[in-house]
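Handing you a structure now.
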Amino acid sequence: MTTASSPSPEPTTAPAAEQEPLVEAPLTGISDRAATQQAREQQVGQRPGTLTIREGSLPPRLFLISYSAHFFAEQEYHSYEELWAYYQAHPDLKHWLDVRGYNNLALMQRLMQDFGIHPLHMEDVLGDYQRAKVDVFDDNRLFLVSRMTDFTAQLEIDDDQLSLVTGSNFVVSFQDDYDDCLDSVRNRLRSGFTMIRHKSPIYLAYALTDVVLDHYYPTMAAIGDYIEILEDRIFNGRPNRRLLSRILQMKKDIVRFRRLVYPEREKIAEILRLPENVVPEETKVFFKDCYDHAIQAMDLAESYRESISSLMDLYLSDQSNRMNEVMKVLTIISSIFIPLSFVVGLYGMNFQRENPDGTINHLNMPELYEPWGYPALLGLLALIVAGQLIYFYRKGWLTNR
Amino acid sequence: MTTASSPSPEPTTAPAAEQEPLVEAPLTGISDRAATQQAREQQVGQRPGTLTIREGSLPPRLFLISYSAHFFAEQEYHSYEELWAYYQAHPDLKHWLDVRGYNNLALMQRLMQDFGIHPLHMEDVLGDYQRAKVDVFDDNRLFLVSRMTDFTAQLEIDDDQLSLVTGSNFVVSFQDDYDDCLDSVRNRLRSGFTMIRHKSPIYLAYALTDVVLDHYYPTMAAIGDYIEILEDRIFNGRPNRRLLSRILQMKKDIVRFRRLVYPEREKIAEILRLPENVVPEETKVFFKDCYDHAIQAMDLAESYRESISSLMDLYLSDQSNRMNEVMKVLTIISSIFIPLSFVVGLYGMNFQRENPDGTINHLNMPELYEPWGYPALLGLLALIVAGQLIYFYRKGWLTNR
Amino acid sequence: MTTASSPSPEPTTAPAAEQEPLVEAPLTGISDRAATQQAREQQVGQRPGTLTIREGSLPPRLFLISYSAHFFAEQEYHSYEELWAYYQAHPDLKHWLDVRGYNNLALMQRLMQDFGIHPLHMEDVLGDYQRAKVDVFDDNRLFLVSRMTDFTAQLEIDDDQLSLVTGSNFVVSFQDDYDDCLDSVRNRLRSGFTMIRHKSPIYLAYALTDVVLDHYYPTMAAIGDYIEILEDRIFNGRPNRRLLSRILQMKKDIVRFRRLVYPEREKIAEILRLPENVVPEETKVFFKDCYDHAIQAMDLAESYRESISSLMDLYLSDQSNRMNEVMKVLTIISSIFIPLSFVVGLYGMNFQRENPDGTINHLNMPELYEPWGYPALLGLLALIVAGQLIYFYRKGWLTNR
Amino acid sequence: MTTASSPSPEPTTAPAAEQEPLVEAPLTGISDRAATQQAREQQVGQRPGTLTIREGSLPPRLFLISYSAHFFAEQEYHSYEELWAYYQAHPDLKHWLDVRGYNNLALMQRLMQDFGIHPLHMEDVLGDYQRAKVDVFDDNRLFLVSRMTDFTAQLEIDDDQLSLVTGSNFVVSFQDDYDDCLDSVRNRLRSGFTMIRHKSPIYLAYALTDVVLDHYYPTMAAIGDYIEILEDRIFNGRPNRRLLSRILQMKKDIVRFRRLVYPEREKIAEILRLPENVVPEETKVFFKDCYDHAIQAMDLAESYRESISSLMDLYLSDQSNRMNEVMKVLTIISSIFIPLSFVVGLYGMNFQRENPDGTINHLNMPELYEPWGYPALLGLLALIVAGQLIYFYRKGWLTNR
Amino acid sequence: MTTASSPSPEPTTAPAAEQEPLVEAPLTGISDRAATQQAREQQVGQRPGTLTIREGSLPPRLFLISYSAHFFAEQEYHSYEELWAYYQAHPDLKHWLDVRGYNNLALMQRLMQDFGIHPLHMEDVLGDYQRAKVDVFDDNRLFLVSRMTDFTAQLEIDDDQLSLVTGSNFVVSFQDDYDDCLDSVRNRLRSGFTMIRHKSPIYLAYALTDVVLDHYYPTMAAIGDYIEILEDRIFNGRPNRRLLSRILQMKKDIVRFRRLVYPEREKIAEILRLPENVVPEETKVFFKDCYDHAIQAMDLAESYRESISSLMDLYLSDQSNRMNEVMKVLTIISSIFIPLSFVVGLYGMNFQRENPDGTINHLNMPELYEPWGYPALLGLLALIVAGQLIYFYRKGWLTNR
């Protein structure tokens, strides 16, 4: 899990800049090693709700954004007590507590208690491998998991988990990364002119979910760009195993992407079915928009899958074509020279013109003794070659590949 | 997004005229570059409902058709104020406001307010990449998206978005193109003898949706024509990579077409499920007819997909056949001449007939000293050749390909 | 759309008689040209319910069968007025109006009005390309479309549309063909001993639907027969492109058949869900029987599809096998004779036995001067050949193919 | 339809004994000829409920088992009248009328009337090709169809139809075979200690359905055994067309089996949904057990399908491997001897050492006159061979296959 | 069914240690022999609920854990009577009766009666081949089947059945193995600090189900590890049949795993739909967590399936590549030396320079008599070789593979 893409305003340019090393980049494998990693890290036989900090987790940083229609405050707290005091002192504000990094078990347990998070949900947060999902708890609170994607310079899809817990006047977000793709939401909060400041925390949860979903598009665009590069390589270069590995790796990425997007769609469909008291109708309009985006992302992934499959077909046909070409060279050269060799071998035989009695045997290779023998033979050979060349030309073996 | 097909009355002839340059036309790629383009243009992290004009959008032109059972007026307005005034002054008429081109943000915002369009819908209009869908808003108004297809001279499916917003006495249509395929509806309005003048705006929305769907058939017919040309090429020509690329490109087009038609069917199915107060039963009869057409278009696409897959099989088998043919030529020529070369090489050996003591060694290659040696050898060679030819003939290698 | 099979009592024999020209019959293409034809004929942008007569439609012939439990009359009318008068005069009878051929627009419009047919349904009738479907209109009347199949001598599936409109005391059937497969129903009506004379028109509609469905079986049997012929050809003959084309053509036919049968099943399932007042329970028992038949036809089509796929696998493996065989011949002959050629070439070298000083150089090719040189060499060559033959025999290259 | 497996107590041993002739058994085809047969025998255009005896149907034999908790009688009746009289005389007993063979139309019609069987059901009985299904009639009576499978010595799945009609105090079973797999139920009835004697006829119907389903397992086990034999053949033998045909035939069998089992599962699921008055809850518990078995049989079939697909992959890869091997032999031998032939050919040239003026031309092939020429050449040849052998060894062409 | 993995605390390390012998381990087959074994052992035609002990079943051992919030006792009983007495004497405690091994029919029947187990369920327990399922009986008791997986050193998935029967104050678990993966639950019970001691037996059933599901992850991780090893082998080694067999075997394992997990998911979904009185809402929260895990396991299996399919593609392409390479070597060597052989053969011809009359024939092979003939020829040969090498180099045949 590397550091995710910086929240740059033009996210599509980053992958574009990484296009060059495409075929030269080290191969990271065509099997889904992230899946195996996930299986390996799964805790076995634990009490449900047991909190465990994954190895390599970052020390937590706490950011609190407090806002109302007319107020905005944003601060990183180094002491949780201070943060909690501030939160307690402002029940009238809405709060977004942004937790980045999990490596403090005591803090995590404290957060769980203070914000009323279910232990099973907290386990999902820390496990970091939960598919996108939504759970309703305490009648009208939501636990939402999204997966943020990023297309790395190693041509792999890197995904990080964003977990959201909503409450009556707060949203707690969890991610095990200091950089994220949520800055556009922060900026909208800061700017103060947007709906987001007037609406309930569930709208903030929507906005965060939406921005994660929006980031699927640059990932897909990057994959699409690489597919086009692969297509160019196939058209211009020779088929080789590295190219095939790249194609298969890209296929893995697309399959992985689909596995990320599909539950996202399911999640939003489930949100749309939630009762009015959990997600109000006016917010559902926005989630419906999300839903359209998720379906469109699935469409894109399907489309890429078809492209990869076509590239595979083209690659394999090319491989077969090259064999054909090799065989044609062999056939043309052999077909021309093997008969010629026979003919010249014929006249290399040592049949004797003189019989033992000294008389001349006119049956034994008289051609060798004709004055025009050699030129005639050369002419014959030229005729043979010409005939074969015409035959091969007519078959199209000399011109088209 | 090129200029769409002119609203000619015989749309199927245009693709027919483009058949000739089929294989010579520049390849436009077998991966779905339009999908990548779409992903790349997706706005990331914006406030929902933010209006952005896509690059390359056309300056808007406004056409207003106002009609009732006994009245018809049609005019292009260069000033929106005039148009609005006319619309305001005639609440008793039904109006079709036809907006072509989006490149005026202020105007778009004005339209949004005046005609009560939801910002998320307006965003979908301007984004120009929305799948076919229907949304109900304000209890009984519809927001409809259709995608108009066109099969270009580059053998690509070009699709444009048609967005419709209905109101109690109007329909607003949006498209980012000056030419479209809606003239048949305009003519029906002009003619005055049709139901369309007597019915509510929702019927006009139906008529526009229907005409877009009808235009899928010429697109499909053009694809079908090209598939037949490809089939002929495979049967008559030699397999080559360009032909394979064409096949794969056509496959991409069909997949793309399916991706366009499928949501269209879903959309109409959803319309058929809408309550009576949104879409009256008498109009649903017509949408049911649309639904049959959409299913038929899906059937066609499936059928073409099967055809393409069969062409692929045929192509690959041909490629293998050609290798077979090359190998047979090599095998026949080698099998005939390599043994002959051995025989003549045999009699080119220099085993000495004379022993060192001058006596004659009758064991060493006596054939060379026979008067009938050479003719006998030629006969032997002819026999070998004949035997092999018979063998190869029986195997069918000389006749069938 | 050729003339359909005559209503012969043994429909399975016709295809059987056509088996011989199987591989010699002209290839009619492996892509679905009928589908493209359909797309091409689709009317674009017309007012819904516009009636258009398709090119090549036949002049209509009108047959009226009037019956009750104790009465039967059957007549072809050349004047519609007479027919209408007769129908009007006998409201107590049940009538089957059998319209064959559509090429009279005025008559079609008259029928539409007199028998209360919805314009959209009439459009479906004349369009002749509607999938099987059922529509309920006027509360309890049915519009039914079936597709009659026929397997032609060109090894293609030909399908014709049968449209039925039911009323309180009549059924109107439409088909654009003078011959059809409905004679068995007519005979049952004529015979007078069957339920059909006692039951309501909806039962007649069932009987007509059922007989169409029953005719799917001879079509399937004919396809099955051809698949067996193809299988025999593959087992006994050599793979060639014509055979592959036949396989792919048969695959197209099966896919086409499935596309015809699947909506038939959907149609009947929908009939079974209709309320009691539209289709009475006692008639549904019979439609349930139809449903079983439709599912069985789908099963058959699936089974044939698997068979074709297995034949493809076998064909492709054979193609590969033949290449293998060619390569083995080449390898065996080359492997045997190329070494031999080397050996005899060796003894064709001109190394001099005599040194310049006239002494004998016993190192230079002394074999050539041995009295047993030549026989020994021949023995060596025979040994080499024997060794290789044993090697190839052990590898099984000489025996199994 | 051959005579089914005898009701031996160890049904799995029969297929095991037939394993040996596997590859030698005559090929019965890789397309589904039984399906075509079925299509061919379908009656076309008949009045529904018309009873027709299939060709080859057996003369009927009638067996009646009458039982109650404390009574048991079993007899074959040669006169139906006697049977009917006995049945009439014992309304207090439960009866199982076991009809084997249909070839007596009058008897069949009599049975239909006496036991109140619906004509459409009777048609299904005699047609002998009905998929597994359940119909409820007369409010609470069941018509059940099961298909009994058997794996024949010809490696084909043979299936026979068992039709059951339940009544208040009887079950009538129909099958067109004298031997069947129902003896275990008969024995349970005879033994008298089981529930079956105490329960209603519907429980008997369950018991018969269950025993048919149980017999799917030996069929599957036999197929599984053959798949293992095929796997061994592929691993140990050479790929040949007969083996491929076997694989494809086995695939057909599995597909056929799935087509038999799938409706069985549907049937039982439908039984489980029937109301209490038709199938009482206490019997449903047993049908639920059947349902688990049907699902498990489907699982097995899926598993075998995967196995066959893997065997195909292995076979095709082997075929390719063998080509590779052939090519390697050719390449090694050609690569070694063709250069050698060139070298010895070189020293077979006749360039003259003596100039016309009698002087010696030291440029023309001086090697031929060196005393060490020949041994040096032999050394060179040996070096070339050694070099190539090392090259090929390093490439692994000499060792691994 | 071998002895399952010991209940070691670090289950993922065991497979890791077995990685080395991967390719050397004996092949256990690519077809699913366990499925055939299952089909073969199926009892045919038995009375439902007949209890049969499978061959190889272990002698039963009985463990009883009795607990409440404040009490814990654990003991192995060698006499069932003692156990039963203890159980009877403590109705206030909750009991987990852990039965390992079934080989005592009388005991099994006793257990069935004492704990009110349904005979059909007991049959499922002893059959040991039941898919995961849940049945509700006696209104609110559950019969649960889970399948415990283990990845063996033979690279096979071994699965054992765990059957659970719940009652008001007990859970009976059945397994035919002395070692299991349930120790973590036992430890949680022993430790006394967990919820499990306070909750109802249904929670214990959940905990046991959950721990089985958790053990799917190490199995999957082991499969994933092997896939990575296979990937490395393909990249570094040569394609050979053993590698292909491994790939196909791994595919079989994954398919088998999916067949195990899928019903597990269905089972838990069914539990979540059970009414409150059977599974209380507070326990369902935990089962929902299970459900997420089951879906994730399915995802993993899908991902591995894709990986295996990519490895197959890579393998087959490699196989084709190697053929290509072989052909290139043959073509290069043949193309270079066959023409050379012709040239030197040409100058090995015996055309006579001297005419019969003693004059010199300057037409017959004058090159042989030129002083520079031989060096010029050598130069020509070198030129030919150089030309060809350049040609092949340009084609890339000399460098890239």
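For clarity, chains are labelled A, B, C, D and E in written order, and residue numbers in each chain start from 1.
Please note the rule applied: a contact is a pair of C-beta atoms (placed from the backbone, for glycine too) under 8 Å apart; a residue touches a chain by one contact, two chains touch by 3 or more.
Everything numeric here is computed off the predicted structure, so don't read it as measured data.
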Identify the chains in contact with chain D as well as chain E, in label order. none
Which chains are shared contacts of chain A and chain C? B
For copies chain A and chain B, work out whether under half or over half of the interface numbers are shared, and give different or same accordingly. different
Size of the rotation, in steps of 5 degrees, that lays the CA trace of chain B over chain E: 145
Could you please state the distance in Å, as a whole number, between where the Cα atoms of chain C are centred and where those of chain D are centred? 26
Whole-Å gap separating chain B and chain D, where each centre is the average of the chain's CA atoms: 42
Could you pull out the residues of chain D that touch at least 2 other chains? 320, 323, 327, 330, 334, 338, 341, 345, 348-350, 365
Please name which positions on chain B make contact with chain A in the complex. 29-33, 35-36, 38-40, 42-48, 118, 120, 124, 129-131, 133, 135, 238, 240-241, 244-245, 248, 251-252, 255-256, 259, 312, 315-316, 319-320, 322-323, 326-327, 329-330, 333-334, 337-338, 340-341, 344-345, 347-350, 360, 365, 368-369, 371-375, 377
Residue ranges of chain A in contact with chain B within the complex: 11-12, 181, 183-185, 188, 194-196, 207, 210-211, 214-215, 217-218, 220-221, 224-225, 227-228, 231, 235, 285-286, 288-289, 292, 295-296, 299-300, 302-304, 306-307, 310-311, 313-314, 317-318, 320-321, 323-324, 327-328, 330-331, 334-335, 338-339, 341-342, 345-346, 348-352, 355-356, 361, 363-365, 396-397, 400-401
